[in-house]
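Structure in structure tokens, see below.
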């Protein structure tokens, strides 16, 4: 009993096949198989690297350092003056134009701008609660001496800023250099890389200047070059400010030597997607320096800074051989090769001369009627079947001792 | 010889099938197939978009600008006073309450707080080395005049801060507006998008105000609205500070028109996961403004700032049709349809009337004994087999000229 | 007609199989199947969790707070003095050494450094346009009184900085503590987690100190401990500055209880990948404090700050059961089991005794010649075939009424 179960278990089941010796179908079959194999090998495995698992959840750290100095309103400014924030972050601004309103004290004074000119207090009351002014509108209209038209009064830091002044920006910015140190880690593979080659000496790094063609791994970028790569005009950008993206892209195939895992730099104007809206072009922000008079009253110098903001953006993708995607794709490949038979079967069984004969060879029919007939009339034959067979109920290997019967 | 190999190569091998004409199994077979197809088409392909490859390693740049002003301790503060950092970064703070300790000079003075009251120097020596004080504990106990109880002496910036003062926060913060400019790039597809529609004019953007229902694409957010969406109380948040997350979520189906790739905003209280711990509720930090006396001695005004910190967090996921996931899922789908036969075979060969007859039809047994028997007794038949066949050793197409033999 | 179509549709087609009762092939077959199942269950499903879909595009928010104070040049500095930026961001610097150049006014003065010593103006003209100086080289050589050698003149903030001064850094930094609050969200699963357990009380958090072994969930880190974990020397780092990464890694299996989704901290020296280049070791930056004289002239104190920069980097990966990867891998598993037959067929049909007999059993040949022969000579038999069959053209179930013919 157990022995029977064991012998039945260790049997091998394989499909019975019909081999068709037909030139047409044979050639179609092989051509389809070759096409499928070519597709999988060429596109799926070689081009798309479907045998790799990839990691895009990177860990990146950026340090920047700007060097240079420039004239602004006859003052020579250096990095401590025009870089904000100063600690060398991934996002930093180089201020190129500063509208400075010196000696602002808390108090009341006239708002500037045509929109706030007034004849009576009523003209000003409509602006009450506005947050677009330089201070809180009090609702009073200030008439300076004999002026026919007055200006609305505001409360806050006085005198108010007049940002319509024209002045020359610091165009020296194009000679500044930016040094970028970027270290990146792919946590899935525990691989850490830096953005300049390990065989580059300290001397080489200090002297080099990035160039897409001739020096693609130098980590020192001249601002003028960056603006040129993005197609921007130095004078315009220095005047109105702007946002420049320095994209560092890491695409690493970790199946190759780690030395091939190098960064690729690209430069873009970040507000490009907003170009159509013509809104908020340029980039500016306000900050203040605070001072105290001798008697302890605080006053400030308000700065409206037009700046070029640089965003160093890092993206990374690393791929490495892994059994799971390889296996899934291999199985998909093998199964796909089998799908070629669908086409060949269609041709063989429908369009070929002698299709019906092929069908007769491929398909063997068994209907309920037949089965019932074989069960009902001759009980002796039923018994002989039952006696002559050792059946297994294991789904993997069914066997039946029917060798003595013509099939 | 070569010709024989070629003819054997260009043959087509297909499985021999048994067609069972039984209503029960036939219907079960079709129902199972329909269920599998429905699942794949409905869930895997339509709902889960398994035909797409997706990119979550986004490149995002954020620019923010706050407008507004408010009263704090009878002073009118504007953006240059209460925004930190000032350059419009993705993470910025709006200070709502400032405890200012003016005119701090380096020196020695009494620490404040009940914990540091003392009778003798011994009471203070236990605090030596503490880093929770306002300065370094010297170990001395200062008795101010006729006071019965003294305070421990500290060395550092004097006088020390007393942050237990009660004061009104700047509640005007709820009227402030935040303008957010976000540009996002999916490096895998090289698609760049901005967070407001390209057909929105500059005028529309300036005037609009974000509302989840009526104006979901306006990039200007009123602080009061944001707090309302997160269920926070303006007065409480302004007093203790807090951290608010502005989540911008991009879920893009790049198989559709690019105009459907739009952001979705959500607002959360970021310290929500820490609510149970009741630790470090609110948000505050310290900074100092530095001044110099006429004779050049530096002094400072220490600010303990309670602020609402806004973190603009961007997540993105873009999907686009790609042949590899499509193919893998298609192959999985086709193969799964075939898995229906496992169930039908089980029923057919075990539970159906005439199961043994079906088994006899499906399985053809060949045992070692039979093979040996056919090899041993009649050597003539063995020779006839060997002569009568042209065998191919290609695993893809085995053929055997056995047509003249009854199988 | 329709009825015939319906009965043909509801048929069930299954492959006809040959069951080989051979110990050798049977055992090989089962062993191969067991190996494949073991691999899929053990590696693919249990180890690699191929039944999960994973999310790496996390949304993370970080708040930091440093506590401590230290002596620098006989001044006691507190957090408001040495932390930059002050608002508790994910990237912050603790300044450990400050080279302060007090009372700089705009003007002209001598550059310092041996490289800029000169005899005549010609010696200085070679430096014109250099951006590595402390100001713009005017081209003049300044001879101070009776000095034989002069120094080149620069225009800018005077006097210029002399950063070659030796001074003791603030080594007290090792006693400082850093409190880190990190909340993380996996947008795909909408799960939010904080970096300390919800059952930790406020008191416990305030008193604890992180330790890899004994206290791995405490969010308070002592700087000295962090430097020890990265193998760094406090004195060296405080002198030259450096960049330390605090990596918070979230690896969450969301099929388990959410309480098992906890952070893991790791500490690295971020400039490690650049160690070989010996370039730009350490970390420093420059900033200025601005003052005004009584008559309103601005002057500044330039600070060259050597700092330890801490980057809190968060990476996260969450996996959760999902039908699609499960299904694809299950189908791959089932299909792979079938691949075992390739090996067994190879053995059975080529290397086993009686291989030719097995071939004869497995393959049934049909050649064009046979089909033509059966079509041509007896037209009567052709008619009888046509009459006796009801064929279906559905690719899923072909049936042919050929039961009356011996196959």
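Quick notes on this structure:
Each chain carries a letter (A, B and C) given by its place in the written order, and its residues are counted from 1.
The criterion applied here is as follows: a residue touches a chain if its C-beta (ideal position, glycine included) is under 8 Å from a C-beta of that chain, and two chains touch if they have at least 3 such contacts.
In this text, all values refer to a predicted model and were calculated from it rather than measured experimentally.
Counting hops only between chains that touch, chain B reaches chain C in a minimum of 1. Taking only C-alpha atoms, you rotate chain A by 120 degrees to land it on chain B; that is to the nearest 5. For the pair chain A and chain C, the fraction of shared interface numbers is less than half, so the two copies use mostly different residues to meet. In terms of their C-alpha centroids, the spacing between chain A and chain C amounts to 14 Å.
Under the contact definition stated at the top, the residues of chain B that touch 2 or more other chains are 13, 15-23, 56-58, 85, 291, 294, 328, 331-332, 335, 345, 361-367, 370, 398-400, 407.
Interface residues of chain C, counted against chain A in their complex, comprise 13, 15-23, 25-30, 33, 43-44, 48, 50, 56-58, 84-85, 91, 93, 106, 131-132, 134-136, 155-157, 243, 245, 247, 249, 268, 270-274, 276-280, 283, 285-288, 290-292, 294, 296, 300, 302-303, 307, 309, 311, 313, 315-317, 328-329, 331-332, 335-336, 339, 341, 344-345, 348, 361-372, 374-375, 385-386, 389, 391, 393, 395, 398-403, 405-407.
By the touch criterion given at the top, residues 7, 9-23, 55-61, 63, 65, 67-69, 75-76, 78-81, 85-89, 102-103, 175-177, 179, 181, 183, 185, 187-188, 192-194, 196, 198-202, 205-206, 289, 291, 294, 323-324, 327-328, 331-332, 334-335, 342, 345-346, 349-350, 353-354, 356-367, 370, 396-400, 406-407 of chain A touch chain C in their complex.
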